[in-house]
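Below you'll find a set of structures to go through.
Each of the next two complexes has subunit A plus one more chain, namely subunit B in the first and subunit C in the second.
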Partner chain A sequence: MSQFSAVQVPKAETIAIQVTAPNQVKLSGTITQKDPANDLAGFFKALHTAAVSDRLSEVRADVSGLTFVNSSAIRLFVDWATWVKNERGHRYTLRFVTSRNVTWQKTSFMALMSLAKEVLAIEHVT
Partner chain B sequence: MEIAENSPLSRKLAPYPLVFMRFRPAWAYIDGIREFGRFFCQTTFGTQELADRACVVLQETLENAVKYSSNTPDSELELSIESDGANIEFSVSSLPDAAHLDSLREELNGIQTLDPEQAYLAAFIRASNEPEASARLGLARIRYEGGVELSMKEETGGRIRITATGKL
Partner chain C sequence: MSSRNPSTPSSASRLAVATAVGTQRPGDGAVLTGRTLLRVICTAGSGALEYTHAFITAYTADHLRGAVAQRLSVGAYELLSNALNFGSVSSDIVIELIESDNMVGVRVSNDAISARISMLTEHLLKLKTNAEQTFLEELRRSVTGGIPRPMLGLARVSHEVGLTLDLQVNERRVSVTAQCRR
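Entry: the complex of A and B
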(Lines of atoms letter the chains of each structure in order from A and count residues from 1; the text may use other names and numbers.)
(Lines give C-alpha, C1' and ligand atoms only; values in the text may rest on other atoms or scores of the structure.)
Protein backbone atom coordinates (compact mmCIF):
# COMPACT_ATOMS: atom_id res chain seq x y z
CA MET A 1 0.00 0.00 0.00
CA SER A 2 1.15 3.53 -0.78
CA GLN A 3 2.35 5.24 2.36
CA PHE A 4 1.98 8.57 0.61
CA SER A 5 -1.77 8.28 0.13
CA ALA A 6 -2.17 7.05 3.70
CA VAL A 7 -0.73 10.23 5.23
CA GLN A 8 -3.23 11.75 7.63
CA VAL A 9 -4.55 15.08 6.37
CA PRO A 10 -4.65 17.77 9.07
CA LYS A 11 -7.76 19.81 9.72
CA ALA A 12 -7.07 23.48 9.21
CA GLU A 13 -9.73 26.16 9.08
CA THR A 14 -8.83 28.03 5.92
CA ILE A 15 -7.16 25.32 3.85
CA ALA A 16 -8.58 22.41 1.89
CA ILE A 17 -6.11 19.56 1.49
CA GLN A 18 -6.43 16.51 -0.67
CA VAL A 19 -3.90 13.69 -1.01
CA THR A 20 -4.27 11.49 -4.06
CA ALA A 21 -2.38 8.28 -4.86
CA PRO A 22 0.23 7.78 -5.91
CA ASN A 23 1.98 11.12 -5.52
CA GLN A 24 -0.25 14.19 -5.49
CA VAL A 25 -1.20 16.64 -2.79
CA LYS A 26 -3.44 19.58 -3.50
CA LEU A 27 -3.82 22.62 -1.26
CA SER A 28 -6.27 25.45 -1.72
CA GLY A 29 -7.52 28.40 0.30
CA THR A 30 -5.35 30.74 2.36
CA ILE A 31 -2.70 30.21 5.03
CA THR A 32 -2.36 33.18 7.37
CA GLN A 33 -2.32 31.64 10.83
CA LYS A 34 0.20 32.93 13.34
CA ASP A 35 2.06 29.64 13.28
CA PRO A 36 1.00 27.50 10.32
CA ALA A 37 3.75 25.01 11.20
CA ASN A 38 1.47 23.71 13.95
CA ASP A 39 -0.98 22.42 11.33
CA LEU A 40 1.26 21.76 8.36
CA ALA A 41 4.93 21.13 9.22
CA GLY A 42 4.26 17.61 10.46
CA PHE A 43 2.02 16.92 7.48
CA PHE A 44 4.63 18.01 4.93
CA LYS A 45 7.29 16.01 6.79
CA ALA A 46 5.04 12.93 6.72
CA LEU A 47 4.51 13.37 2.95
CA HIS A 48 8.26 13.67 2.46
CA THR A 49 8.99 10.57 4.55
CA ALA A 50 6.28 8.61 2.72
CA ALA A 51 7.59 9.71 -0.68
CA VAL A 52 11.04 8.42 0.25
CA SER A 53 9.61 5.14 1.59
CA ASP A 54 7.47 4.66 -1.54
CA ARG A 55 10.51 5.48 -3.67
CA LEU A 56 8.47 7.95 -5.68
CA SER A 57 10.27 9.62 -8.54
CA GLU A 58 8.15 12.73 -8.19
CA VAL A 59 5.75 14.38 -5.76
CA ARG A 60 3.26 16.74 -7.30
CA ALA A 61 2.23 19.52 -4.91
CA ASP A 62 -0.58 21.53 -6.48
CA VAL A 63 -0.69 24.90 -4.73
CA SER A 64 -2.38 26.75 -7.58
CA GLY A 65 -5.50 27.22 -5.47
CA LEU A 66 -3.64 28.76 -2.54
CA THR A 67 -4.64 32.35 -3.13
CA PHE A 68 -2.67 33.93 -0.31
CA VAL A 69 -0.17 32.79 2.31
CA ASN A 70 1.98 34.55 4.86
CA SER A 71 5.75 34.27 5.02
CA SER A 72 5.55 31.70 7.82
CA ALA A 73 3.73 29.44 5.36
CA ILE A 74 6.27 30.12 2.62
CA ARG A 75 8.89 28.96 5.09
CA LEU A 76 7.18 25.54 5.17
CA PHE A 77 7.77 25.15 1.43
CA VAL A 78 11.40 26.19 1.94
CA ASP A 79 11.71 23.48 4.59
CA TRP A 80 10.18 20.82 2.33
CA ALA A 81 12.51 21.73 -0.54
CA THR A 82 15.45 21.63 1.88
CA TRP A 83 14.51 18.14 3.13
CA VAL A 84 14.46 16.83 -0.43
CA LYS A 85 17.72 18.59 -1.28
CA ASN A 86 19.45 17.13 1.79
CA GLU A 87 17.94 13.65 1.43
CA ARG A 88 20.69 11.03 1.50
CA GLY A 89 18.51 8.04 0.66
CA HIS A 90 15.99 8.17 -2.15
CA ARG A 91 15.63 11.59 -3.75
CA TYR A 92 12.56 12.60 -5.69
CA THR A 93 11.57 15.64 -7.71
CA LEU A 94 9.25 17.98 -5.85
CA ARG A 95 7.03 19.50 -8.51
CA PHE A 96 4.99 22.54 -7.50
CA VAL A 97 1.98 23.24 -9.66
CA THR A 98 1.43 26.98 -9.46
CA SER A 99 -0.89 29.57 -10.94
CA ARG A 100 0.32 32.37 -13.18
CA ASN A 101 -2.48 34.51 -11.80
CA VAL A 102 -1.43 34.41 -8.15
CA THR A 103 1.27 36.94 -7.36
CA TRP A 104 2.83 35.31 -4.30
CA GLN A 105 3.33 32.07 -6.22
CA LYS A 106 5.23 33.78 -9.04
CA THR A 107 7.72 35.51 -6.74
CA SER A 108 8.16 32.89 -4.05
CA PHE A 109 8.50 29.79 -6.20
CA MET A 110 10.99 31.60 -8.40
CA ALA A 111 13.07 32.22 -5.27
CA LEU A 112 12.56 28.65 -4.09
CA MET A 113 13.68 27.34 -7.46
CA SER A 114 16.99 29.13 -7.20
CA LEU A 115 17.49 27.60 -3.77
CA ALA A 116 17.06 23.97 -4.78
CA LYS A 117 16.79 23.73 -8.55
CA GLU A 118 18.29 20.23 -8.61
CA VAL A 119 15.27 18.75 -6.84
CA LEU A 120 12.45 21.15 -7.75
CA ALA A 121 10.25 21.59 -10.79
CA ILE A 122 7.70 24.34 -11.25
CA GLU A 123 4.69 23.85 -13.47
CA HIS A 124 2.44 26.78 -14.31
CA VAL A 125 -1.27 26.56 -14.87
CA THR A 126 -3.57 29.48 -15.59
CA MET B 1 -1.35 58.65 -13.87
CA GLU B 2 -4.36 60.83 -14.61
CA ILE B 3 -6.82 61.16 -11.78
CA ALA B 4 -10.48 61.64 -12.56
CA GLU B 5 -12.19 64.49 -10.73
CA ASN B 6 -14.62 62.14 -9.06
CA SER B 7 -11.94 59.60 -8.07
CA PRO B 8 -11.22 59.17 -4.36
CA LEU B 9 -7.66 60.18 -5.29
CA SER B 10 -8.80 63.66 -6.25
CA ARG B 11 -8.81 64.31 -2.51
CA LYS B 12 -5.05 63.80 -2.41
CA LEU B 13 -4.39 67.33 -1.20
CA ALA B 14 -6.68 66.97 1.76
CA PRO B 15 -4.81 66.97 5.06
CA TYR B 16 -5.66 63.38 5.87
CA PRO B 17 -4.74 60.00 4.43
CA LEU B 18 -6.98 57.96 2.14
CA VAL B 19 -7.27 55.36 4.89
CA PHE B 20 -6.62 55.66 8.59
CA MET B 21 -7.32 52.95 11.16
CA ARG B 22 -6.52 52.55 14.81
CA PHE B 23 -7.03 49.18 16.47
CA ARG B 24 -5.81 46.82 19.15
CA PRO B 25 -2.89 44.60 18.09
CA ALA B 26 -4.90 41.40 17.66
CA TRP B 27 -4.06 38.70 15.13
CA ALA B 28 -7.76 38.16 14.45
CA TYR B 29 -8.02 41.54 12.69
CA ILE B 30 -5.24 40.98 10.15
CA ASP B 31 -7.16 38.94 7.55
CA GLY B 32 -10.02 41.44 7.50
CA ILE B 33 -7.76 44.48 7.20
CA ARG B 34 -5.70 42.84 4.44
CA GLU B 35 -8.82 42.05 2.45
CA PHE B 36 -10.13 45.58 3.01
CA GLY B 37 -6.77 46.83 1.67
CA ARG B 38 -7.17 44.61 -1.39
CA PHE B 39 -10.68 45.92 -2.00
CA PHE B 40 -9.62 49.52 -1.37
CA CYS B 41 -6.66 49.43 -3.75
CA GLN B 42 -8.58 47.56 -6.43
CA THR B 43 -11.48 50.00 -6.20
CA THR B 44 -9.46 53.19 -5.89
CA PHE B 45 -6.62 52.49 -8.31
CA GLY B 46 -8.29 49.91 -10.53
CA THR B 47 -5.41 47.45 -10.78
CA GLN B 48 -5.31 43.90 -9.52
CA GLU B 49 -1.52 44.08 -9.42
CA LEU B 50 -1.54 46.90 -6.87
CA ALA B 51 -4.25 45.15 -4.87
CA ASP B 52 -2.02 42.05 -4.62
CA ARG B 53 0.97 44.15 -3.60
CA ALA B 54 -1.12 45.87 -0.93
CA CYS B 55 -2.08 42.48 0.49
CA VAL B 56 1.53 41.45 0.99
CA VAL B 57 2.53 44.78 2.52
CA LEU B 58 -0.43 44.81 4.90
CA GLN B 59 -0.21 41.15 5.92
CA GLU B 60 3.49 41.18 6.71
CA THR B 61 3.71 44.61 8.34
CA LEU B 62 0.66 43.95 10.51
CA GLU B 63 1.88 40.46 11.46
CA ASN B 64 5.17 41.94 12.63
CA ALA B 65 3.44 44.75 14.48
CA VAL B 66 1.01 42.40 16.23
CA LYS B 67 3.59 39.73 17.00
CA TYR B 68 6.02 42.12 18.66
CA SER B 69 3.67 44.64 20.26
CA SER B 70 4.18 45.38 23.92
CA ASN B 71 1.36 44.25 26.14
CA THR B 72 0.31 47.68 27.37
CA PRO B 73 -2.86 49.77 27.03
CA ASP B 74 -1.16 52.27 24.68
CA SER B 75 0.01 49.62 22.21
CA GLU B 76 -2.76 50.21 19.66
CA LEU B 77 -1.70 50.04 16.03
CA GLU B 78 -2.25 52.79 13.50
CA LEU B 79 -2.46 52.06 9.81
CA SER B 80 -2.60 54.67 7.10
CA ILE B 81 -2.62 54.48 3.31
CA GLU B 82 -1.74 57.60 1.35
CA SER B 83 -1.09 58.47 -2.25
CA ASP B 84 0.07 61.51 -4.20
CA GLY B 85 -1.16 60.12 -7.48
CA ALA B 86 2.22 58.68 -8.47
CA ASN B 87 3.22 56.75 -5.35
CA ILE B 88 1.47 54.83 -2.62
CA GLU B 89 2.51 54.73 1.00
CA PHE B 90 1.47 52.23 3.65
CA SER B 91 2.40 53.18 7.18
CA VAL B 92 2.02 51.14 10.38
CA SER B 93 2.77 52.63 13.77
CA SER B 94 3.16 50.33 16.78
CA LEU B 95 4.67 50.10 20.23
CA PRO B 96 7.03 47.12 20.09
CA ASP B 97 8.64 45.44 23.05
CA ALA B 98 12.16 46.76 23.47
CA ALA B 99 13.80 43.39 22.78
CA HIS B 100 12.40 43.37 19.25
CA LEU B 101 13.57 46.83 18.24
CA ASP B 102 17.25 45.99 17.77
CA SER B 103 16.55 42.89 15.68
CA LEU B 104 14.08 44.81 13.52
CA ARG B 105 16.61 47.59 12.92
CA GLU B 106 19.28 45.02 12.06
CA GLU B 107 16.99 43.10 9.72
CA LEU B 108 15.93 46.26 7.87
CA ASN B 109 19.51 47.43 7.47
CA GLY B 110 20.53 43.97 6.27
CA ILE B 111 17.96 43.64 3.50
CA GLN B 112 18.58 47.17 2.27
CA THR B 113 22.17 46.37 1.35
CA LEU B 114 20.83 44.14 -1.45
CA ASP B 115 18.39 44.75 -4.27
CA PRO B 116 14.91 43.43 -3.44
CA GLU B 117 15.17 40.20 -5.43
CA GLN B 118 18.61 39.34 -4.09
CA ALA B 119 17.51 40.13 -0.54
CA TYR B 120 14.51 37.79 -0.90
CA LEU B 121 16.74 35.01 -2.24
CA ALA B 122 19.18 35.58 0.61
CA ALA B 123 16.32 35.30 3.11
CA PHE B 124 15.32 31.95 1.54
CA ILE B 125 18.88 30.69 1.82
CA ARG B 126 19.08 31.76 5.45
CA ALA B 127 15.75 30.07 6.23
CA SER B 128 16.98 26.90 4.53
CA ASN B 129 20.26 26.95 6.47
CA GLU B 130 18.59 27.69 9.81
CA PRO B 131 15.63 25.31 10.02
CA GLU B 132 15.09 25.86 13.74
CA ALA B 133 15.13 29.68 13.56
CA SER B 134 12.12 31.85 12.79
CA ALA B 135 11.46 32.42 9.08
CA ARG B 136 12.41 36.12 8.84
CA LEU B 137 11.21 36.22 5.23
CA GLY B 138 8.58 38.89 5.79
CA LEU B 139 10.48 42.17 5.35
CA ALA B 140 12.36 40.95 2.28
CA ARG B 141 9.07 39.68 0.87
CA ILE B 142 7.41 43.07 1.40
CA ARG B 143 10.15 44.80 -0.59
CA TYR B 144 10.26 42.30 -3.44
CA GLU B 145 6.69 41.14 -3.84
CA GLY B 146 5.20 44.40 -2.62
CA GLY B 147 7.40 46.52 -4.88
CA VAL B 148 8.09 49.03 -2.10
CA GLU B 149 10.98 50.46 -0.14
CA LEU B 150 10.85 50.23 3.64
CA SER B 151 11.86 52.72 6.26
CA MET B 152 11.58 52.84 10.03
CA LYS B 153 11.14 55.91 12.16
CA GLU B 154 11.40 55.88 15.93
CA GLU B 155 8.77 58.13 17.49
CA THR B 156 8.09 59.45 20.95
CA GLY B 157 7.06 57.08 23.71
CA GLY B 158 8.86 54.11 22.21
CA ARG B 159 6.56 53.86 19.19
CA ILE B 160 7.95 53.02 15.76
CA ARG B 161 6.55 53.66 12.31
CA ILE B 162 7.28 51.28 9.44
CA THR B 163 6.59 52.92 6.11
CA ALA B 164 6.40 51.10 2.79
CA THR B 165 6.53 53.37 -0.26
CA GLY B 166 6.19 52.30 -3.86
CA LYS B 167 5.04 53.42 -7.27
CA LEU B 168 1.40 53.10 -8.17
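Entry: the complex of A and C
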Protein backbone atom coordinates (compact mmCIF):
# COMPACT_ATOMS: atom_id res chain seq x y z
CA MET A 1 0.00 0.00 0.00
CA SER A 2 1.21 3.49 -0.87
CA GLN A 3 2.32 5.34 2.23
CA PHE A 4 2.47 8.54 0.20
CA SER A 5 -1.23 8.65 -0.58
CA ALA A 6 -2.04 7.74 3.04
CA VAL A 7 -0.38 10.87 4.44
CA GLN A 8 -2.93 12.86 6.39
CA VAL A 9 -3.69 16.25 4.87
CA PRO A 10 -3.67 19.12 7.39
CA LYS A 11 -6.61 21.49 7.60
CA ALA A 12 -5.48 25.01 6.77
CA GLU A 13 -7.86 27.90 6.21
CA THR A 14 -6.44 29.42 3.07
CA ILE A 15 -4.93 26.39 1.33
CA ALA A 16 -6.51 23.48 -0.47
CA ILE A 17 -4.34 20.36 -0.44
CA GLN A 18 -4.82 17.20 -2.42
CA VAL A 19 -2.61 14.12 -2.31
CA THR A 20 -2.97 11.75 -5.24
CA ALA A 21 -1.39 8.33 -5.61
CA PRO A 22 1.21 7.45 -6.40
CA ASN A 23 3.31 10.59 -6.10
CA GLN A 24 1.44 13.88 -6.50
CA VAL A 25 0.54 16.61 -4.05
CA LYS A 26 -1.32 19.70 -5.20
CA LEU A 27 -1.51 22.93 -3.22
CA SER A 28 -3.65 25.88 -4.17
CA GLY A 29 -4.81 29.11 -2.54
CA THR A 30 -2.58 31.34 -0.43
CA ILE A 31 -0.21 30.87 2.49
CA THR A 32 -0.37 34.00 4.59
CA GLN A 33 -0.36 32.81 8.18
CA LYS A 34 2.54 34.10 10.25
CA ASP A 35 3.97 30.68 10.92
CA PRO A 36 2.85 28.23 8.24
CA ALA A 37 5.26 25.62 9.62
CA ASN A 38 2.63 24.80 12.25
CA ASP A 39 0.34 23.42 9.56
CA LEU A 40 2.71 22.40 6.81
CA ALA A 41 6.19 21.45 8.06
CA GLY A 42 5.01 18.15 9.53
CA PHE A 43 2.95 17.44 6.42
CA PHE A 44 5.87 18.00 4.04
CA LYS A 45 8.11 15.89 6.26
CA ALA A 46 5.53 13.08 6.24
CA LEU A 47 5.34 13.23 2.43
CA HIS A 48 9.12 13.08 2.23
CA THR A 49 9.32 10.11 4.61
CA ALA A 50 6.55 8.31 2.71
CA ALA A 51 8.22 8.97 -0.65
CA VAL A 52 11.43 7.41 0.66
CA SER A 53 9.53 4.42 2.10
CA ASP A 54 7.63 3.93 -1.16
CA ARG A 55 10.93 4.24 -3.06
CA LEU A 56 9.35 6.75 -5.41
CA SER A 57 11.56 7.99 -8.20
CA GLU A 58 9.78 11.34 -8.30
CA VAL A 59 7.37 13.43 -6.27
CA ARG A 60 5.29 16.01 -8.13
CA ALA A 61 4.45 19.01 -5.99
CA ASP A 62 2.00 21.10 -7.99
CA VAL A 63 2.10 24.63 -6.57
CA SER A 64 0.82 26.34 -9.71
CA GLY A 65 -2.39 27.32 -7.94
CA LEU A 66 -0.62 28.92 -4.99
CA THR A 67 -1.15 32.56 -5.86
CA PHE A 68 0.61 34.03 -2.83
CA VAL A 69 2.97 32.71 -0.19
CA ASN A 70 4.95 34.55 2.46
CA SER A 71 8.68 34.16 3.00
CA SER A 72 8.13 31.69 5.84
CA ALA A 73 6.36 29.41 3.38
CA ILE A 74 9.24 29.64 0.92
CA ARG A 75 11.49 28.38 3.72
CA LEU A 76 9.29 25.27 3.93
CA PHE A 77 9.98 24.47 0.28
CA VAL A 78 13.68 25.06 0.90
CA ASP A 79 13.51 22.64 3.84
CA TRP A 80 11.85 19.96 1.73
CA ALA A 81 14.49 20.28 -0.98
CA THR A 82 17.19 20.07 1.69
CA TRP A 83 15.73 16.88 3.16
CA VAL A 84 15.85 15.24 -0.27
CA LYS A 85 19.34 16.52 -0.94
CA ASN A 86 20.61 15.20 2.39
CA GLU A 87 18.77 11.86 2.13
CA ARG A 88 21.25 9.01 2.60
CA GLY A 89 18.84 6.20 1.76
CA HIS A 90 16.57 6.41 -1.26
CA ARG A 91 16.72 9.73 -3.06
CA TYR A 92 13.98 10.94 -5.39
CA THR A 93 13.47 13.90 -7.69
CA LEU A 94 11.28 16.62 -6.25
CA ARG A 95 9.47 18.17 -9.19
CA PHE A 96 7.73 21.49 -8.57
CA VAL A 97 4.98 22.24 -11.05
CA THR A 98 4.77 26.03 -11.25
CA SER A 99 2.81 28.66 -13.13
CA ARG A 100 4.36 31.29 -15.36
CA ASN A 101 1.48 33.59 -14.45
CA VAL A 102 2.26 33.76 -10.76
CA THR A 103 5.01 36.28 -10.10
CA TRP A 104 6.48 34.84 -6.90
CA GLN A 105 6.96 31.38 -8.42
CA LYS A 106 9.21 32.47 -11.26
CA THR A 107 12.24 33.56 -9.27
CA SER A 108 11.78 31.61 -6.05
CA PHE A 109 11.93 28.21 -7.66
CA MET A 110 14.77 29.19 -9.97
CA ALA A 111 16.72 30.27 -6.89
CA LEU A 112 15.79 27.09 -5.08
CA MET A 113 17.00 25.15 -8.09
CA SER A 114 20.43 26.71 -7.74
CA LEU A 115 20.63 25.47 -4.15
CA ALA A 116 19.63 21.87 -4.81
CA LYS A 117 19.73 21.28 -8.53
CA GLU A 118 20.73 17.61 -8.16
CA VAL A 119 17.38 16.68 -6.65
CA LEU A 120 14.99 19.29 -8.05
CA ALA A 121 13.11 19.69 -11.30
CA ILE A 122 10.91 22.61 -12.26
CA GLU A 123 8.02 22.27 -14.66
CA HIS A 124 6.06 25.25 -15.94
CA VAL A 125 2.41 25.16 -16.80
CA THR A 126 0.34 27.89 -18.51
CA MET B 1 17.23 33.51 -14.03
CA SER B 2 16.12 33.44 -17.61
CA SER B 3 12.45 32.93 -16.86
CA ARG B 4 12.01 36.35 -15.29
CA ASN B 5 9.00 38.31 -16.44
CA PRO B 6 10.16 41.11 -18.73
CA SER B 7 8.02 43.52 -16.72
CA THR B 8 10.07 42.71 -13.63
CA PRO B 9 13.45 44.31 -14.06
CA SER B 10 16.45 42.39 -12.76
CA SER B 11 18.52 43.87 -9.97
CA ALA B 12 21.40 44.27 -12.37
CA SER B 13 19.34 46.25 -14.83
CA ARG B 14 17.85 48.42 -12.13
CA LEU B 15 21.33 49.13 -10.83
CA ALA B 16 22.41 49.96 -14.33
CA VAL B 17 19.48 52.33 -14.73
CA ALA B 18 20.36 54.05 -11.50
CA THR B 19 23.97 54.58 -12.44
CA ALA B 20 23.59 55.46 -16.09
CA VAL B 21 23.13 59.22 -16.13
CA GLY B 22 20.55 60.33 -18.63
CA THR B 23 18.84 56.96 -18.98
CA GLN B 24 16.83 57.14 -15.78
CA ARG B 25 13.14 57.57 -16.41
CA PRO B 26 11.13 60.06 -14.38
CA GLY B 27 10.26 58.60 -11.00
CA ASP B 28 12.65 55.63 -11.07
CA GLY B 29 14.46 55.32 -7.76
CA ALA B 30 13.15 58.62 -6.41
CA VAL B 31 11.26 59.11 -3.17
CA LEU B 32 7.66 58.34 -4.02
CA THR B 33 5.33 61.28 -3.56
CA GLY B 34 1.81 61.55 -4.85
CA ARG B 35 -1.75 60.65 -4.06
CA THR B 36 -2.41 58.33 -1.13
CA LEU B 37 -4.93 55.77 -2.34
CA LEU B 38 -5.33 54.12 1.02
CA ARG B 39 -3.90 54.38 4.50
CA VAL B 40 -4.32 51.76 7.21
CA ILE B 41 -3.16 52.23 10.79
CA CYS B 42 -2.22 49.01 12.57
CA THR B 43 -1.50 48.51 16.23
CA ALA B 44 2.00 47.19 16.78
CA GLY B 45 2.02 43.63 18.05
CA SER B 46 -1.48 42.98 16.76
CA GLY B 47 -2.61 40.23 14.41
CA ALA B 48 -3.36 42.75 11.66
CA LEU B 49 -1.07 41.20 9.08
CA GLU B 50 -3.37 38.75 7.34
CA TYR B 51 -6.54 40.80 7.06
CA THR B 52 -4.70 44.01 6.18
CA HIS B 53 -2.80 42.17 3.48
CA ALA B 54 -6.01 40.61 2.17
CA PHE B 55 -7.59 44.06 1.94
CA ILE B 56 -4.62 45.63 0.17
CA THR B 57 -4.38 42.69 -2.23
CA ALA B 58 -8.06 42.99 -3.12
CA TYR B 59 -7.76 46.77 -3.53
CA THR B 60 -4.69 46.62 -5.78
CA ALA B 61 -6.19 43.80 -7.85
CA ASP B 62 -9.18 46.03 -8.51
CA HIS B 63 -7.28 49.25 -9.20
CA LEU B 64 -4.02 48.23 -10.88
CA ARG B 65 -2.75 46.01 -13.67
CA GLY B 66 -2.56 42.35 -12.64
CA ALA B 67 1.23 42.03 -12.66
CA VAL B 68 1.67 45.29 -10.73
CA ALA B 69 -0.97 44.25 -8.20
CA GLN B 70 0.78 40.91 -7.60
CA ARG B 71 4.10 42.63 -7.03
CA LEU B 72 2.65 45.16 -4.62
CA SER B 73 0.83 42.41 -2.76
CA VAL B 74 4.16 40.74 -1.98
CA GLY B 75 5.66 44.11 -1.04
CA ALA B 76 2.79 45.00 1.26
CA TYR B 77 2.92 41.66 3.05
CA GLU B 78 6.65 41.58 3.66
CA LEU B 79 7.01 45.24 4.68
CA LEU B 80 4.07 45.02 7.07
CA SER B 81 5.29 41.70 8.45
CA ASN B 82 8.70 43.22 9.21
CA ALA B 83 7.12 46.23 10.88
CA LEU B 84 4.87 44.06 13.04
CA ASN B 85 7.74 41.76 13.98
CA PHE B 86 10.50 44.26 14.54
CA GLY B 87 8.82 47.64 15.10
CA SER B 88 8.45 49.32 18.46
CA VAL B 89 5.20 48.43 20.22
CA SER B 90 4.89 51.96 21.56
CA SER B 91 3.66 53.52 18.32
CA ASP B 92 1.35 52.72 15.45
CA ILE B 93 2.36 51.17 12.17
CA VAL B 94 1.04 52.90 9.08
CA ILE B 95 0.76 51.24 5.68
CA GLU B 96 -0.06 53.39 2.64
CA LEU B 97 -0.62 52.78 -1.04
CA ILE B 98 0.68 55.77 -2.98
CA GLU B 99 0.57 56.61 -6.67
CA SER B 100 2.24 59.30 -8.73
CA ASP B 101 1.93 59.92 -12.45
CA ASN B 102 4.38 57.12 -13.31
CA MET B 103 4.87 55.09 -10.17
CA VAL B 104 2.89 53.25 -7.57
CA GLY B 105 4.13 51.89 -4.29
CA VAL B 106 3.45 50.70 -0.82
CA ARG B 107 4.99 52.48 2.18
CA VAL B 108 5.16 51.15 5.72
CA SER B 109 6.16 53.44 8.59
CA ASN B 110 6.98 52.44 12.13
CA ASP B 111 9.24 53.29 15.06
CA ALA B 112 12.31 51.13 15.62
CA ILE B 113 15.37 50.98 17.84
CA SER B 114 18.65 52.23 16.42
CA ALA B 115 20.18 48.73 16.14
CA ARG B 116 17.28 47.66 13.98
CA ILE B 117 17.58 50.77 11.81
CA SER B 118 21.30 50.08 11.28
CA MET B 119 20.59 46.48 10.33
CA LEU B 120 17.86 47.55 7.92
CA THR B 121 20.08 50.18 6.30
CA GLU B 122 22.86 47.66 5.81
CA HIS B 123 20.49 45.06 4.38
CA LEU B 124 18.98 47.52 1.91
CA LEU B 125 22.45 48.52 0.78
CA LYS B 126 23.26 44.87 0.07
CA LEU B 127 20.03 44.52 -1.88
CA LYS B 128 20.75 47.62 -3.90
CA THR B 129 24.21 46.28 -4.75
CA ASN B 130 23.07 42.81 -5.77
CA ALA B 131 19.52 41.75 -5.03
CA GLU B 132 19.82 38.33 -6.63
CA GLN B 133 22.92 37.39 -4.66
CA THR B 134 21.37 38.64 -1.43
CA PHE B 135 18.20 36.67 -2.11
CA LEU B 136 20.24 33.49 -2.60
CA GLU B 137 22.28 34.18 0.55
CA GLU B 138 19.12 34.62 2.59
CA LEU B 139 17.66 31.42 1.13
CA ARG B 140 20.84 29.57 2.12
CA ARG B 141 20.75 31.10 5.58
CA SER B 142 17.18 29.94 6.01
CA VAL B 143 18.46 26.36 5.55
CA THR B 144 21.23 26.71 8.08
CA GLY B 145 19.28 28.90 10.51
CA GLY B 146 21.49 31.95 10.47
CA ILE B 147 21.96 34.49 13.24
CA PRO B 148 20.56 37.09 13.02
CA ARG B 149 17.39 35.61 11.54
CA PRO B 150 17.37 35.29 7.75
CA MET B 151 15.85 38.37 6.14
CA LEU B 152 14.22 36.83 3.13
CA GLY B 153 11.24 39.18 3.05
CA LEU B 154 12.96 42.31 1.74
CA ALA B 155 15.07 40.20 -0.61
CA ARG B 156 11.86 38.86 -2.11
CA VAL B 157 10.50 42.35 -2.52
CA SER B 158 13.62 43.53 -4.30
CA HIS B 159 14.62 40.49 -6.34
CA GLU B 160 11.57 38.29 -6.69
CA VAL B 161 9.02 40.94 -7.57
CA GLY B 162 11.47 43.65 -8.65
CA LEU B 163 10.22 46.53 -6.53
CA THR B 164 12.62 49.38 -5.83
CA LEU B 165 13.14 49.84 -2.10
CA ASP B 166 13.67 53.20 -0.48
CA LEU B 167 14.37 53.88 3.19
CA GLN B 168 13.69 57.13 5.00
CA VAL B 169 14.65 57.62 8.63
CA ASN B 170 13.57 60.48 10.86
CA GLU B 171 14.97 59.90 14.35
CA ARG B 172 13.29 56.63 15.38
CA ARG B 173 10.62 56.73 12.67
CA VAL B 174 11.39 54.46 9.74
CA SER B 175 9.57 54.45 6.41
CA VAL B 176 10.28 51.78 3.82
CA THR B 177 8.74 52.22 0.38
CA ALA B 178 8.55 49.55 -2.30
CA GLN B 179 7.60 50.94 -5.69
CA CYS B 180 7.43 50.17 -9.37
CA ARG B 181 6.18 51.73 -12.56
CA ARG B 182 2.42 51.66 -12.93
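Everything below uses one rule, namely that the second predicted complex is superposed on the first by the 126 of 126 C-alpha atoms of A that agree within 3 Å, B and C clash if a C-alpha of one lies under 4 Å from a C-alpha of the other, contacts with A are read in each partner's own complex, and residues count from 1 in each chain.
Operating definition for what follows: a contact is a pair of C-beta atoms (placed from the backbone, for glycine too) under 8 Å apart; a residue touches a chain by one contact, two chains touch by 3 or more.
Because the structure is predicted, anything quoted here is derived from the model rather than measured.
Aligning the two structures on subunit A places subunit B and subunit C in clashing positions.
In the superposition on chain A, contact of A:124 is made with subunit C only, not with subunit B.
By the touch criterion defined above, A:100 lies against subunit C but remains apart from subunit B after alignment on the C-alpha atoms of chain A. Contacts of A:21 after superposition: neither subunit B nor subunit C is touched. Contacts of A:70 after superposition: both subunit B and subunit C are touched. Of the two partner chains, both subunit B and subunit C are touched by A:78. Contact with neither subunit B nor subunit C is seen for A:6 once the two complexes are overlaid on the shared chain.
Taken together, the two complexes place residues 32, 34, 68, 70-71, 74-75, 78-79, 82, 103-104, 107-108, 111-112, 114-115 of subunit A in contact with subunit B and also with subunit C.
Within the complex, the subunit B residues that touch subunit A are 27, 30-31, 34, 49, 52-53, 55-56, 59-60, 63, 67, 117, 120-121, 124-125, 127-128, 131, 135, 137-138, 141, 144-145.
Considering their complex, residues 32-34, 67-68, 70-71, 74-75, 78-79, 82, 100, 102-104, 106-108, 110-112, 114-115, 124 of subunit A touch subunit C. Touching subunit A in their complex are the following residues of subunit C: 1, 3-5, 8, 47, 49-50, 53-54, 57, 67, 70-71, 73-74, 77-78, 81, 132, 135-136, 139-140, 142-143, 150, 152-153, 156, 159-161. Listing the residues of subunit A that touch subunit B in their complex gives 30, 32, 34, 68, 70-72, 74-75, 78-79, 81-82, 85, 103-104, 107-108, 111-112, 114-116.
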